[in-house]
């Protein structure tokens, strides 16, 4: 395990000017299999790569000579005010790249006024994380037994978590060719502290290990309804790409959805969230919370997501890269860079508030 | 001949995780001219390459939280139930890459519950193949003499073949520049066991050796009508790309068509089947069988083909690559990989049955 | 001069299977400056390159099971029957690459039943060319003096030329950066045998050497009308890209137009003829002759041009490459390859005659 | 400082045939940090690169056989006649690359009949520049204090400047990653002679240094109205990309706008001016002056800009490259090359005057 944590930087190099610099350096700060596990997408990396290039399909149309006297980047979401719309996504096993793991991320979120979401597969205790950052949200994977699921929810509630984010797009793991070819396996010292490994699936003769085995316990809309009855916390569904599912979530009385393709890690060939967000916003109207996830790496990406209808965005891999390179300091620097790029984009696009960031400031690349 | 068959693997390497791995390794398991003959397309490989990239023009839109209690991948076609929609295409001269040739492929199809189609240019006897796999289909090339054609049909019927697939897209061979430049010729030990070589075409002065020589015996719709009178077997036409021809086949009372550009091996510049399938489905309605062929290499391709209107798909070159690398075992592994990728795609796209795979699960890449 | 002509081949290598093989080898058979002059386009080669890639924007949709009993590739144009639709374009100074120049090209056209067009800037006498090929056409550049122009027309008429093709798209030479950087200059031994060099332009103070100097003698529609009164020969305008100009040519009673951007040699950034031909055919209706020129290198290109509305096509650079490599034999082989590719395309696309090659056999690449 | 100015050429090499040759050589004539500052765009150079490739999205449709008897390239703008539509943009700190800086550029403009625009950040005095070129225009950056702004205007008026061009698209500097990574800083010997450095921004606790600090003094429409009351000079707004802002400028009674994304130097991801110009022309009608800036490097670019609705164009970086390589001679040669390319384009496109350059001569690349 020492190997993982031997090389952290204690100050940020002067030429780390954007998240791209972190991305470029990250592989030098972790074992190759871990890097492949984190950086890789599903299968042939098509969704992963499309997530990035899809942002280039839009360009920004600034307006000029607007007053910035009351300018700010505050957003309001499920009754909470966030200082800015950049949220730390629920990345699993953060101790893979830094001994402090989620605790360091929590400190960075506090330092940068960023909302944090903690994974069911956290490698640090929910309660300890909750002591480092104000009212985090909890990402929930449904467990094979409802009782296990409920226990997770209660632990989050008890630790002061203020929302649930139920991931619904990976009822079964995607193909992780790069991780598999690199021989990735979770090291013994890193584990999910709140859940235990699922038993291998049981199937009958002539049944499909995929369709009938692994999918046997996949959650359904009924399970969501059950969850709503168990908790007062606002609930997001994470992993929505279709207008139909977003509308169904809205009608079910949920707090919002995360438009995401799981960072390109579930099914290759999935559409890019940035290409779906406008249609989903049109389907749900203005009052339903939409968070865009997958591919956000730059302040202009944040701007484009909001112009197309998102209320906020989440970033995942950059958290891990910042953590791997410089711990809490690295994560904080990544969040700070992104926020500054976003505010600079607001300034140069003529938008003094996030409410001013509308579809009139964006155009399809011809 | 020994050279061809000296290097087969007896177990599958651990890093063969997809058909791309087979494709990458295949050239090490056969002489270069044979590889060029099999891997190459017509002329400049435009149709060949477009067949692959055209699949990328569509992306998948999953739906979430659906029940998988009754999930399966069974398809129904011409009154037959196939365990899954992936069919082994009628590739000619399979002994080119493995001494057992079509017999090994037949064993692999049995092991993986896959439908097999056997070529008129099979290098193993129809009857012997029929003993290795249940109710294969027979691909028919019209011969210069009707009596020869009829004899082939009778041999298939007698051996228990359950359908005919008449290839109509290569009345004359395409330009095979890569094979020609590599000096490919059929080795003496490999031959079509059921047909003999056609004599060179005869033309008059001022006639075109192409238009009037080779095309003199090209089949017509009248020949198809004649064939229908000779047999009770359901008949597919293989090599259809236009809605007009598909509709004409339907009106003629045929069982279905294979939407194909012959794997990019006939005429370069042909449209890709995956781009034509939706229009053809719209033209023929829901009750006419459509099989998509050409370019299928991944489970997501199968899903896209079905979402756009196909009932099933065929794969050709992967059969030959699996055969060349590890015989029946290699072919079976390729078919298994493809089926698992397809079922995983169904799971992650929220489709518990093939009937659930509709156009709402697919979107044009923006 | 000897250097130019020392390396011709007396037989065609077995691996020259398409015009691409000639194009690849051509630079080894001529001095670099000559190659740059011939192969290069205007300025940055954008029009040159687009001419080629634009053909890829269309794909072919075959029809199957059609009868080829009366198949042939004959076309009819201005009352003449051509054995096939591939015409040798009027390339200037053909002695640049072979001592026999236009005479060799004429022999090749005779051998392959191809229509030949002879340039005003021919480096062999019109009459001598006329003895090698039946009823060639004459390409006319308007001269500074009408008397000079008329003299050219009379020479062509006297030598049995059967049509005029007036080039209208280069009233001034395009920028030929590649030729200029390579130091190209016409060698003393090669010259236009029928015209003499134009004097440098005269301009007044504050006038533009381009707009007022070189353009002083550019031809106008009035000059075309004058020419029609001087000759009984059918007249084509060469170098039309807009529907407006094509319609004006039709209304002026001309025989047809050549839709061309001068092989990408006049103005960079020009639209590709293959992208304009359909609109021009729609504008002029079915009875006006359209020849497509610029970028044709393959039999499928010929098929696409005809499917989009052309009656015939012209090829330029391939003539020079064939000539440079193997003289009359090389040109004849190029023309033969192209015709065979075209007839093979007809066969595989299900078109027994050129009349059958319609827009239903072509589709925009998605 | 000597280093900067040691390598100028005193004559133009024979193979400098276009602005691309200057661009290719420029880095050899200045220190690397200076080159990165000048050549680089904002952030990831997306806007910079798109500015160039966007021109390729249009192609030219020539018309033929038009009379050029009265041909010329004169344009009329805000009551002034320009000999041609190519304007030298207001590039800051021109002494960075040549000791004479803006004075040399002024001489080149005089020699080539080109309109010059002088930057607020000029490194030579406005008055001295005004002695080298007839009625230049003055580019104005609003200063923190209105009095400072007014003083700049008065200096320009006193020196005979005939128009103002107020830059509105960089109220805050863009991210200049390339310049920053190269360690660029203004050398002591080069400075803006008419303005002094702004003090660092003051913000309160919890305020954003960007949104509340640097943007505190950003100009608004009210400031423009104030400026109109202070001067009789015609006023352009520079840095408009939206139809809304262009219309607002027109309604405010301004002379025109410069459609520009600041040469890709302000906000990355901005739309390209050449993609916005047609919509803006449609919004403002025919009588409002539009100058296109950003990405113009070739005479065909000028033609396309005018065909889509611009009255004139500006070039920036090429001025600096010409200056760096050969001083006034280099700038003059760049302007001459561009004008000749433009006039050649007019000739080959069949447009004898700029009025003839209409949308019918341009087509979207298919």
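Order as written gives the chain letters A, B, C and D; numbering starts at 1 within each chain.
As a working rule, contacts are C-beta pairs under 8 Å (C-beta built on N, C-alpha and C of every residue); 3 or more make two chains touch, one makes a residue touch a chain.
In this text the structure is predicted, and so the values were computed from the model without any measurement.
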Superposition of subunit A upon subunit D: rotation angle, C-alpha, nearest 5 degrees: 90
Same or different residue numbers at the subunit B/subunit C copy interface, by half rule: different
Distance between chain centroids, defined by C-alpha means - subunit C, subunit D (Å): 42
Subunit A-subunit C separation of Cα centroids, rounded to whole Å: 60
Touching two or more other chains - residues of subunit C: none
Touch relationships between chains, expressed as pairs: A-B, A-D, B-C, C-D
Subunit A-facing residues of subunit B, complex: 15, 17-18, 20, 56, 58-68, 71-73, 298, 300, 304, 340-341, 343-349, 352, 360, 363, 365-366
Partner subunit B, residues of subunit A touching it in the complex: 43-44, 46, 50, 54, 57, 168-172, 174-175, 177, 180-181, 208, 210-212, 214-216, 218-221, 223-224, 237, 239-242, 244-245, 266-272, 275-276
